[in-house]
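Dumping the structure here so I can ask a few things about it.
Chain lettering (A, B, C and D) follows the sequence in which the chains are written, and residue indices restart at 1 in each chain.
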Amino acid sequence: MGLDLMTWVALLTVLLVLLSAVLVLVLDNFIGAVAASGVVSLGVAVLFVLLRAPDVAMTEAAVGAGLSGVVLALGLRRLGLWRLDDSELGAGRAAPRRPGGRGRA
Amino acid sequence: MTLHQMLLQVPDLALPFAPTQSQIVLAVVLPLLGAFLMQPLARVSRTLALALGPIVLAASAYLLIALSLEYGGAPFVVAIGGYAPPLGVVFYVDRLALLFATAVPLFTLLFWWRAEPDAAGSTDSARRDAVMLLLAAAATGLALSGDLFNIYVFYELTAVASFGLVALRATGAAYIATVRYLLLSALGSVLALVGIAIVYLLTGTLNLAQIAQLAPGTLANPAGLAAFALLLVGFGVKAELFPVNTWVPEVYATAPARISALLAGLISKLAVLVVLRLVVLAFDGTGAQTLLLALGTLGVLTGELAAWRAQDFPRMLAYSSVGQLGVVFIALSLPGYTGVFAALAVALHHVVVKSALFGLATRWNGSLEALAGAARTAPRASILFVLFALSLIGVPPLPGFWAKLLVLVGLAQLGTQAALTALAVILLATAVEANYLFRVAVRLFQRASDGAPAPPRPGRFDVAVASLLGLVLLGATVTIDPLSTWLGGIAAQTTDVDATIATVFPTPIAQTP
Amino acid sequence: MAYLTFETILYAGAIGLIALGSLGLVLSRHLFRLVLALAIAEAGANLLLVLTGYRGGAVAPILGVHQPGTTMVDPIPQVLVLTAIVIGVGVQALAVSVLLKIYRAYGTLDLRVLREHLELDLAKAAGIRAPGSQEAPAGERPLPPPIPAVAKAAKESAP
Amino acid sequence: MRNIASLLFAAGLGFLLLVIAGQLGFGEPSMLIGGDILSAAPDEVGAANIVTAVLLGYRGIDTLGELSILFAAATAAGLVLAGGRGAAASHLSDAPAGFILRTGADLLFPLLLGVGFYIILHGHLTPGGGFQGGVILAAAFFVLVLARPAGGMSHTAIAVIEGLAGAGFIALGLWSLLADGDFLKPMLGKGVLGELLSAGTLPLLSLAVGLKVGAELAGLMTQLSEQPPPELTGQPLAGQSPEHTAGPETQD
């Protein structure tokens, strides 16, 4: 195939990024999801390099993968979601029973 | 001399400080500076920090009023940093921009003070004041900016500042409402950013005047329409546009009522102003108009019906606000001068009325039933409510009638199937509106049942603000003729796209890259 | 393979991220997942924006690295994205803070459950007597004071 | 009902983006103003890194707005986290850090600080600048907070730095407004392109941005890390009354 190196790298990175994005949405484990979102950010940073945007790539790597990961991890820690999986979360508190059945939309 | 001439005439006031045109950036920058310095100042002196906000806002208002008096006639351009447009960011200052920009510090001052005495520490109070100042600065910038991405930045600042303010009550419900508002708003921002990317790809510029110049050749196609749809949904979140307005009732019901008054009254109109600029300058095709008409009609329908079913005062006002802004969007779908004129009339009327009504909701924050007999304890507030309700419905001598009439006449003149449907919907909505507002009015004046708790009384300050706005409304009723000439002048200036382009680019620039 | 060019691959990536993010925002019911989905959608929008300034065979817009006169990519979208990234992380941090408070108040981040709580709390605060409810209108309800464990720990940590 | 509307919305969005996909010419941007800026920036601003020239020069007001957004987010987060309880419960959560972390922090802190300032001050020459360097400054500060959670100075220091750095950015703008008639116009000489002391006030603006971003982000992380962990908060506090205890009810 007549694809040059840059296109190959772009293709693989895009596939990796999209795969990680799917993982972010489906992983039960929130630590894994945060890590996957970090991978998304790093992949996008690589794409920024390919797009000749070194400033943006630096920012995305520092902010998206680093800082945002720290913020989310701190959040998870304070939420106590380090180990829980998705199914337990919804049941953490019972739903309020709506007195009188159906409410307004 | 008519009022119109008086408004246009340049008075020979000897102002103690006569600002130059480029100093209009101070109206945005001073509140920002005040916000940045608020917390360090609060550590030095609490009194100074408390006074800082009102002082800065008053200075900002003074600056804008002085500029309106001096340069209020012809539009002018301020290139920030001295970089000639289109390379740098510009503020495009016409009469419309000055009108809305001046309203921002004034309305922020009206709703500046908290309803409850400050229970929290001085840190919290300083933080809240800082966020209020940021909101004012952002809203002013939104009115003045003439650059698409700059508008996006100020819009985001408005959004983030309002997230902080709507969570102020610190109840669980307020936090849920805030986070849902935040997520919807952030999704809208992503969509708006995609819209900006498409516009930039198609036109190669971000300057609104240059976009206007290039629009006929570059944006009048499906991709341009898609960009408009994305921008509309993005900026529509704050303007309570139909599909992205689910945050409205919960936020206005959980936020402090004075914050709701500010957001529903003025800030939502600044988002409308952004959409108005986009429609006038860049997207005046039939596709965009159909989209506006459809979303506006759905907004009117859903808003007013939900307001009819609402059981508490704040949410009734919130849903009614959705309906009213639907009318604004319907008006914007009318082509050219007619549309802008009608939209401005409805929007300005709504600023006055909704600000006052949400102000009354500071104490009238409970169910509608609890208001029974409130006229006995709070006669002035009740009479004011009836006045505003009548104008909101559109009872003839009041300004609300003329505003609605402009929209209806415009729709009838357009005469298309969709326009006539919208007309019918507005009439139907008016009937619904009359029904639920009268229901409240009747309840206010009925005798309270024995043993019921006394209905709440709106605070003296809120009634004073509402009285002031009521006087504005009555004044507008008396001077409706010169007022409409004045507003028509603003609409004409706003819709004169060629003049806008000529103002920003005195020497014509290259049309194509 | 005419469609598999550098630009179309990146465009597909950007649109894919935006679509996945929006889908997550629409379908997910866990608030923390929504915050993550938002970050994905933002990354997609940023990628799209940088892509609008890309030009084949051009170099990064920094002088003095390449020969004078080399074509450069458009710097403006890059600036916009720099701004957008920083805005995004600010909003995200704010969202996480609100999430902490919600979790502390209700013990769940499930959006459907929270929406029911919200409806109920609003009805209660407004004093609407929901049918079947025996409770009197509660009026405004601020968060209750910190529970004993917290207060105790606070006391211990204070000198 | 709401889910159907949301799905329709997502489908509409996807369709919209697909429709425009074929119409957009990626790879050949029109460069209408981009090209002009590329040719004008070296003379008008004097920064070798044109991204920085646009960021702090041509679009300086955007950067100011963006700093304000970060400030608004940090302040709002402070309001939210302190909400309902008066003041933040500070330093409940983490036991004093171990020896290794403390020593590591002592080594890491000056290193990160140095790298951060280097990136900030070279923003007009090489990739990087206020934002990127600011993030590293925030990381440096956060390492310190992690190692010594009980440092009471942090809040005051952060509030003062964030306020003064933002005010400094505006002050540079106001200086040019008063001296030259335009807000945020570059002052001082442009110098020789590519040298450290060039591009007029741009490095100073960059410094203000870096300090501001660093202070905001450090403040945000500190506030988040000082929240009590869930095992201390124990049972959920609000939103419960006897009627709430029934099982989940299906809705929609």
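For this structure, a couple of remarks:
Assume contacts are C-beta pairs under 8 Å (C-beta built on N, C-alpha and C of every residue); 3 or more make two chains touch, one makes a residue touch a chain.
Because the structure is predicted, anything quoted here is derived from the model rather than measured.
Set against one another, A-C and B-C show the most C-beta pairs in contact at A-C.
Ranking every chain by how far its Cα centroid lies from the centroid of chain B, the top place goes to A.
Rounded to whole angstrom units, the spacing between the C-alpha centres of chain A and chain C is 10. Mean C-alpha position of chain B lies 25 Å from that of chain C.
Per-chain Cα centroids separate chain B from chain D by 28 Å. A separation of 35 Å divides the Cα centre of chain A from that of chain B. Residues of chain B in contact with two or more other chains: 149, 153, 156, 160, 163-164, 167, 170-172, 175, 178, 194, 201, 206. Within chain D, contacts with two or more other chains are made by residues 2, 9, 13, 17, 24, 26, 29, 31, 33-35, 37, 49, 51, 59, 62, 66, 69, 72-73, 76-77, 80, 83-84, 127, 131, 217, 220-221, 224, 227-228, 230, 236, 238-239, 243-244, 248-249. Touching two or more other chains at once are residues 5-6, 10, 18, 21-23, 35, 46, 51-54, 60-62, 72, 76, 78, 80, 82-83, 85-87, 89-91, 93-94, 96, 98-101, 103, 105-108, 112-113, 116-117, 120-121, 133, 141-143 of chain C.
Residue ranges on chain C touching chain A, taken from their complex, read 1, 4-6, 9-10, 12-13, 16-17, 20-21, 23-24, 28-30, 32-33, 35-37, 39-40, 43, 46-47, 50-51, 53-54, 58-62, 72-73, 78, 81-82, 85-86, 88-89, 92-93, 96, 99-100, 103, 106-110, 112-113, 116-117, 119-120, 130-133. The part of chain B that touches chain D in the complex is made up of residues 20, 22-23, 25-26, 29, 32-33, 35-40, 43, 79-83, 86-89, 119-121, 123-124, 127-128, 130-131, 134, 137-138, 141, 149-150, 153-154, 156-157, 160-161, 163-165, 167-168, 170-172, 175, 178, 191, 194, 198, 201-207, 210, 221-223, 226-227, 229-230, 243, 246, 513. Remark: chain C residues 5-8, 10-11, 15, 18-19, 22-23, 26-27, 51-56, 60-64, 72, 74-76, 78-80, 82-83, 85-87, 89-91, 93-94, 96-98, 100-101, 103-108, 112-113, 116-117, 120-121, 133, 135, 141-147, 149-150, 153-154, 157 touch chain D in the complex.
The touching residues of chain A, when paired with chain C in their complex, are 1-3, 6-7, 10-11, 13-14, 17-18, 21-22, 24-25, 30, 33-34, 37, 40-41, 44, 47-48, 50-56, 59-60, 63-64, 67-68, 71-72, 74-76, 78-81, 86, 89-96, 98-100, 103-104.
Residues 1-2, 49, 51-52, 93, 127-129, 131-132, 135-136, 138-139, 142, 217, 220-221, 224-225, 227-231, 236, 239-240, 243-249 of chain D are the ones touching chain A in the complex.
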